[in-house]
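Just so it is clear, A, B, C and D label the chains in written order, and each chain counts residues from 1 on its own.
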């Protein structure tokens, strides 16, 4: 006796109770519309991840600020000990002495050590020796962060900003296209397209995995138009633009690939909402032959022309 | 003629002769209750692993101690050579000279090199040149360790501290829930739950792989309640709380995921003993919609309410 | 009702409209004959990838040039501030002062800091402190690049420069051979050979996956002759050298392996055009037994001898 | 019509023509008995791999030697320029000057820069500035090597030095055991055992994949006895010790695992020749329960006792 029946739905891991109209589960840039509350500081903290993910401008500002602050602190320590215990401090006012101590600190933490200023007594020597060790460790950390930032796996796949419904063989197809603008080769590229539709009678959502013309390619040197043929088995068969709007349709795209440069698996995500779909349009073919091989105009990835749909 | 029959048990790799009551194969934090004896120092040693796995406090203490000790050693060497072979040593007592040599060593090993003290004769020069090379190598090592510590793959999955037996459709289910409190996205999350039960007539244990409602999700942005439906095929079908206690039940959880930040596979393990299961309780639904999307109260992961079980 | 039929072609991801004669989709070195236009500077940019992929000579030139340029800039800054605000500048002409400032800059950015020249006023101190921080960060970056260059996964598989059509059992076979000249062990080596043939009546190309005698080996310590048996099921069955030329045949080879040294998956690609195939030749067997085991003469990978083909 | 028949042999990638008696394809430590000749220096070279794989003693010697040599070269350069263009050189003989230049070079390349010696003219400044840049780059390289050495994936699995033929259920079994002496957890451990037997009538070898009692475990915290049941389907069924010797039997073991510490797949290989198999012996059970869990005496991995075999 079987007491329960295993449900047949796609295990995307998104909440089926997600509320209806205007809700976007997955943002265009691949992030999720989910916020986690009451995560304790310690649990949620991932300094490395933050420092590696922030923009270069932010990163450099953080570094500069840290450098400035640490030197302020050590300059204060040297002043506390007394600048008479440092050689080569000639400032007579507290401010002048502080500034000289500040730059002595900078020369110490970077292990520059010009030597025109140097520690004389025990306390100053202890602080300077500690500071240079701290400097080396902080710099070790910066080195790790630099490497982490550069070698961070990113599938920088560029998506057409809109999807189209275009004629495909005797029927029609849902299509969008992608290209890898970087020089790194992506291999074994796999694409999955899932569709989220709101039920008309409740707030619940159904998820469908869409069958694709091709879902995997070995190489990815050119532009790739991904096609979901709207056959009679498709969940959007018989639906028009208005219907997709009402059902708050969201096409969720996940691309997995192997990045040859870093020998790493990379993931890319994006989504198309109903209002980002052009009906009766087809993507322009962009590959041209020149003397050295094929050439592709990546800048025209969104180029479409109008076309009559099959009935 | 088949001379033996392949046994049907789950190849967890845990000892089936593990003794009975109160034995926990897998600790809450995912470590194993196994101790290896007579591992030769060289074989068992994994300095990198130890230095990368210890807490930050321990790590910094180790570094500070190493710095201090190495400087002690080199200061002794400079004293042995004679501080008259260093410029700028003004101490008259042995102690003062030792302190000055100590800080000269610190300035040398960090490649700070103020220069107010400098080596004069061949021996002092050889020691100083060796020390600065050693300093660079130790620092290279520290850089590697820093990077290793930060980029260490950790599936920091948070488990509900208890599991529950709650109604599930027409039957009941064994349930616990998990969440990823960090900002790194985990993808392709796979969960396996195994059950270890002591036989009533011997010290041997049987291992069962439990069937799950869902065992894999593509995304993991929200909280996930993992459900083992207690159907008639379940090894705990018909058992009550008392029975599980007697059989010294241990639910062993293994979660495998792909961490997008580091492009690495990560594993997380935990276990629930019979006394960590609440009967007739259900987890509170925690997802709420706000203006920017879903919001989940991670702090209430253990929230349950009482409920009658299905018979 | 099935409205469309899934096409049976190999999803290599290469353009089926690639034009006819003389076109090579995949170069000998595994790169693609595809050029992407109108990639915005920001999108296409991948500095890390470029710096890690360029030759060592180019890399060292880039570093030397960067070092020189940055020192020029900082020397100009010190001159702007006035060299009277640096100790130890004795030059009387602008040029002499510039040269002294240039080397002071070099001593600062490398954190060498001899100290015979040192900053005196606030402006000079600010520039020097900034320069030493910049130096540390640039060096952190160089460290990451060095590591990236060395640990870059490369399947340095050496291919025989030609392929042959040789007798194979009762029929003939398309054969080429590969060897791993490096000391790193490659494991779980998988090979795929695809054939691209131009249609005689159009510019379209068909792609075929070729069946191989062996497509995967666990170890790869010796030379491996990869054989496609030209059975009646082969797309080149019944074709002669002239036919392959006319059909502009291209045999596209993809080898995937696990590099034990770096614990990474690596890919290697190459291709054979019709004019790189020798008909009626067989590779010389190169393995010899000596006292310590097998020995293979890698330098003779292209050695063949003439042989009559099976009819 | 099928013109050829695909052979059914195990694709280990080892040479089937490997000569007969006394030949060992795979050494105990997992290396192959294959030597590659005429690999051009450039092709075979893998400096990173060599420097990362050599012993620590060798590595430190290489570093020390490089440091010494580079300083010799730069000392010669400074002497060539003339030590009168360096401040603080007081040596009057060529040798004294060379020694002082040597240590100045050491202070420059490590970016120590005490400053008691400093460059004065253009040539000396150029050499010193170049040397400090070189120093930074070499050190960047050393940092990468240090990290590479530490994070190198090694499956340090310890094998019993002998295998046994012991009773297994109603039949007998070929058994050996393995343990992970390190603290890193190995997960998803997969073992493959292949057997190489020389044909009695020729120099050719046949390879067989052996069926195992268990070929994969999820966890690997304890010792694992790997069992090949010698059923009537086994290639060694009915053979005795003498037969295995004559057939020059070699049991080739490959273990694949996931190392949790480094999030990497690791491989371990070993082999057992006919003379490393004890007939009629069984491994002693070593797991003991203590207060904190199981305890295993790794030092007794080779412990066996005599036992009668099943007929």
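We take it that a contact is a pair of C-beta atoms (placed from the backbone, for glycine too) under 8 Å apart; a residue touches a chain by one contact, two chains touch by 3 or more.
By chain, with names taken from UniProt: A, B, C, D = K+ channel, inward rectifier.
Small disclaimer: the values here were computed from a predicted structure and weren't measured.
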Chain whose Cα centroid lies at the greatest distance from that of subunit D (K+ channel, inward rectifier): A
Does B-C or B-D have the larger number of C-beta pairs in contact? B-D
Taking only the C-alpha atoms, how many degrees of rotation bring subunit A (K+ channel, inward rectifier) onto subunit C (K+ channel, inward rectifier), rounded to the nearest 5? 90
Examine where the copies subunit C (K+ channel, inward rectifier) and subunit D (K+ channel, inward rectifier) touch and state whether the two sides share over half of their residue numbers (same) or under half (different). different
For subunit B (K+ channel, inward rectifier) and subunit D (K+ channel, inward rectifier), what's the span in angstrom between their mean Cα positions? 26
Cα centroid separation, subunit B (K+ channel, inward rectifier) vs subunit C (K+ channel, inward rectifier), in Å, comes to 37
Indicate the residues of subunit A (K+ channel, inward rectifier) shared as contacts by at least two other chains. 111-115, 139, 143, 145, 147, 262
Which of the residues in subunit D (K+ channel, inward rectifier) end up touching subunit C (K+ channel, inward rectifier) in this complex? 1-4, 6-7, 11-15, 17-19, 23-24, 32-40, 43-44, 46, 48-50, 52-53, 87, 108, 111-115, 118-119, 122, 125, 128-129, 132-133, 135-137, 139-141, 143-145, 147-148, 152-153, 192, 254, 262, 264-267
Residue ranges of subunit C (K+ channel, inward rectifier) in contact with subunit B (K+ channel, inward rectifier) within the complex: 111, 113-115, 143
Subunit D (K+ channel, inward rectifier)-facing residues of subunit C (K+ channel, inward rectifier), complex: 63-64, 67, 71, 99, 103, 106-107, 110-116, 139, 142-143, 145-147, 150-151, 156, 158, 168-171, 179, 181-185, 187, 189, 213-214, 216-222, 224, 229, 231-232, 258, 260-263, 287, 289-290, 292-300
